[in-house]
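Chain lettering (A, B and C) follows the sequence in which the chains are written, and residue indices restart at 1 in each chain.
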Amino acid sequence: MASVEIHNLSIQFGHNEVIKDLSLNVVDGEFLVLLGPSGCGKSTLLHSIAGLIDVSAGRIDIGGTDMTWADPTDRNIGMVFQSYALYPTMTVERNMSFGLRINGTPKAEIERRVNRAAEMLQLQSLLHRKPSQLSGGQRQRVAIGRALVREAGVFLFDEPLSNLDAKLRAELRRELKLLHKNLCSTMVYVTHDQVEAMTLATRIVVMRNGKIQQIGAPADVYEKPVNLFVAGFLGSPGMNLLTGKLGLSSSGKSVFLSGKLALDVSCYPITTVLKQEKEVTLGIRPENLLIHTSGEWQGTVSVIEPMGNHHVVWVDFGGTLLSSVVTGDLAFCVDEIVRFNIDVAKISLFDNTTEQRL
Amino acid sequence: MTGNTAPKPPMRRPMRLNPARIGVYAFLLSASLFFLMPLYIMLVTSFKSMDEIRLGSIFAFPVSITVEPWVAAWSSACTGVSCDGIRGGFWNSMWIVIPSTLFPILLGALNGYALSFWRPRGSQVLFGILMMGAFIPVQVMMFPLVRILATMGLFGTLPGIVLIHVVFSMPVMTLLFRNYYLSIPQELFKAARIDGGGFFRIFVQLMLPMSTPIIIVAAIMQVTGVWNDYILGLVFAGRDNLPMTVQLNNVINTTTGTRLYNVNMAATILTSMVPLIIYFVSGRWFVRGIAAGAVKG
Amino acid sequence: MAITVIVAYMGTVLWSLKISFTNSRTFPSDDWVGIAQYERLFNNDRWMLSLQNLALYGVLFIAACMLIGFLLAVFIDQKVMGEGIFRTVFLYPYAMSFVATGLVWQWMLNPGNGLQQAVRQMGFENFTFDWIIDQDMVIYTIVIATVWQASGLVMAMLLAGLRGIDEEIWKAARLDGIPTWRVYVSIVLPMIGPSVATVFVLLLTAVVKVFDSVVSMTQGGPGTASEVPAKFIMDHLFGRANIALASAGSIVLLLTVAALVAPILYARSRAARKEALK
């Protein structure tokens, strides 16, 4: 088990500065997920922790030791790749033991480690097969096994589930969560899938264009996104966004105004004191938009998407489509007029110009 | 380690130029010398006078550069009976190469197209036999082919040698085009058939325009292969149509009297010029051609 | 039209086969003599020498080309500067005809004016490199010349294979701490097995067909020291007017190719069928 400390990291490819002055602390034993769209630098960051990419400035400490220039083998890490990268001409057993063999680990020790990993990942019956004879999920487990036998302090995962179909992905997600619980090792995981991030992480790091947007527990990042980008990236369907103005009502309370909507937002903790009217965007998650017969506002139902255990209802409110998540039976159909409430305790307000949370 | 700014990393990145890398470059450079040496010697010899050659070292740069050997090679070297230089061979080779490239490409494309999309019954077997044909040593077929061509009145004629080249190129050309067409999605072909296209229609209007890359590769392979051919030209071309390679060998190996090494080297370069120029200009495609041909079987 | 070509191939082979069983000299005759020609063939010193030469040449040529080609490919794969230039330099000999290659090397290995003379002029008075006129050594000169020509091709094909290897396998190996040379030997080489097999087959067919280089470089000499089967057959077909003997020789050549190539092709088609069934 080890912590990872990244200080002022910068990585450049040619003239392109992919990561600029990034600092991050990975706590010992946590499952940290690097989340972001393609090209945001998350994979690059992971590879630099692994030592597979050179840094142009900054420092990386693993387990308290400066590893900025150390060889990947000496960093006390294990890594699982997106395409599994299994050695195709070797059996599963050999795949897992090859690295240890080359480095002179005694035979008994190799056997112990391979067996332990095989047991944890249910690979015992597959030890003598070659990768071409395995299914995608099995190959993934072997890749994890190969990383496990290194008995490293930190495990790195580079989008390991993206080559699997949806059902397998869900299954392996649960297995990974279980693995983390049993091993209690530090794990750094890269993905662009926010569902994976939410379910697996102890903390999520949302990245964009080489910069960290927000770090926090899944609940925090989900409920209190720090800017519009993070708000839009997490959650499916995405957060409802309404542009409007934030001002003071006659009684001195802060109000959000947008078209027909006038919402008393005085319970919202605004950090800066309002001097004048501000252009803002209001965000509210679909599950906090409650369709209710005695709702304050009304709109027309435009589209209903049945999802099996819930419905996503799209309501036309003055030209904007707002989504709402409804469980149970529906008391209405398309083109009907419905009334809804907005749970003011759960809103987010963003400055229109800076896109930051107020 | 409590500083606010990152301290300079203690271990500097190992220098790029470690012993292993030096070894790599050393190997590659010495190999390059080995590969370039003959070219250098060819060029250098062709610009020297015979006296210089006799007295000097084969590696020496010419003291006084002369183009006389080149002129002699082109227009007055003796290629057997006549002494008109190797230029006759140049034009002969041109006349042989051009049709010997166009026809096999067309036929190879048609064959490859038929085999990969239409897949008539027994086409796998047909293809297998065609491929095996590529392995048959040419000597086995030599005499029967001579007789056949003689009966058709084509032995020793230009059409005759072209026909021979076409026949011998079929396996490789078909393989090339078939493999290329296999990488084109079947859906495209099916859509065209639904649109009402027939065998030739689809070929001419859909497949041929899409085949530019492989046609370039096939052309390079064919031009190089036919231009550099010796044995088929020797046997089938006839005295009036001898390709440059045959004439070159005649110039150098069948001279009586003193051997004019500088003329010989000039003639060699002249003969190799066409394929070498194609190679240097189209390097990328050349390599692609090799890789394509390498997906054999 | 494909059928015509196939008929041409099979027909000519069968015709040659028939001739080999007759006593045809300049023109085909129909006098059946059974395997007499084959017996004559194997009692013929020149033919036996040509077979010996072919075997020796074959082994050396293929081994050298594979080794040099593989090393060149591996070293170029190390992300060197000027990769394009190196590739061009190693591959250009393949663009030249066998005849041209033979002629250049004949000139270079000429004892009086070539390498031997040049090195002597540099001060090494006793340097000898007259293999090309030495009966025992001449076959090695042909090996040198043709290896020079073909190694680049082997390099190009193996390099294509090397480049097809997933970058992530390299990353995984780096993480496992496996030294580069070991990666090539234990992981990469098995992975490019099919490419290697293809190259091997290609080289094999080239060996059996070797003719142009011998004719241009040594004319089979000195004497008959560098005789090869292809040349023997051609000489007897045309110069020495003994069609039957030549045909017998060519059939033997065909059988040799078949015996060498068939097992490899069979093994590959079996592997391909196993892949398809999965």
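The working rule: a residue touches a chain if its C-beta (ideal position, glycine included) is under 8 Å from a C-beta of that chain, and two chains touch if they have at least 3 such contacts.
Keep in mind the model is a prediction, meaning the values are calculated, not measured.
K.L.:
Tell me which chain's centre, taken as the mean of its C-alpha atoms, is farthest from chain B.
P.N.:
For chain B, the chain whose C-alpha mean is farthest off is A.
K.L.:
When all chain pairs are ranked by how many C-beta pairs they have in contact, which pair ranks first?
P.N.:
Chains joined by the most C-beta contact pairs: B-C.
K.L.:
Would you mind pulling out the distance in Å between where the CA atoms of chain A average out and where those of chain B do?
P.N.:
Inter-chain centre distance comes to 55 Å.
K.L.:
CA centre of chain B versus CA centre of chain C: separation in Å?
P.N.:
Once rounded, the distance between the two centres reads 16 Å.
K.L.:
Based only on mean CA positions, could you tell me how far chain A sits from chain C in angstrom?
P.N.:
58
K.L.:
Using the touch rule from the top, collect the residues of chain C that touch chain A in their complex.
P.N.:
Of all residues in chain C, those touching chain A are 166, 168-169, 171-179, 182, 186-187, 190-191, 193, 278.
K.L.:
For the complex, give me every residue of chain B touching chain C.
P.N.:
That would be residues 20-21, 24-25, 27-28, 31-32, 34-39, 41-42, 45, 53-54, 56-59, 107, 110-111, 114, 126, 129-130, 133-145, 147-148, 167, 170, 174, 224, 227-231, 235, 245, 248-249, 252-253, 261, 264-265, 268, 271-272, 275-276, 278-280, 283, 286-287, 290-291, 294-297 of chain B.
K.L.:
Spell out the part of chain A that touches chain C in their complex, as residue ranges.
P.N.:
Residue list for chain A touching chain C: 50, 52, 71-73, 77-79, 81-90, 98-99, 102-103, 132, 146.
K.L.:
So in the complex, the part of chain C that touches chain B is made up of which residues?
P.N.:
Answer in residue numbers: 1-3, 5-6, 8-13, 15-16, 19, 28, 68, 71-72, 75-76, 78, 80, 84, 86-93, 95-101, 103-108, 113-115, 117-118, 121-122, 148, 152-153, 156-157, 160, 180, 195, 198-199, 201-202, 205, 208-209, 211-212, 215-216, 219, 230, 233-234, 237-238, 243, 246-247, 249-251, 253-254, 257-258, 261, 265, 268-269.
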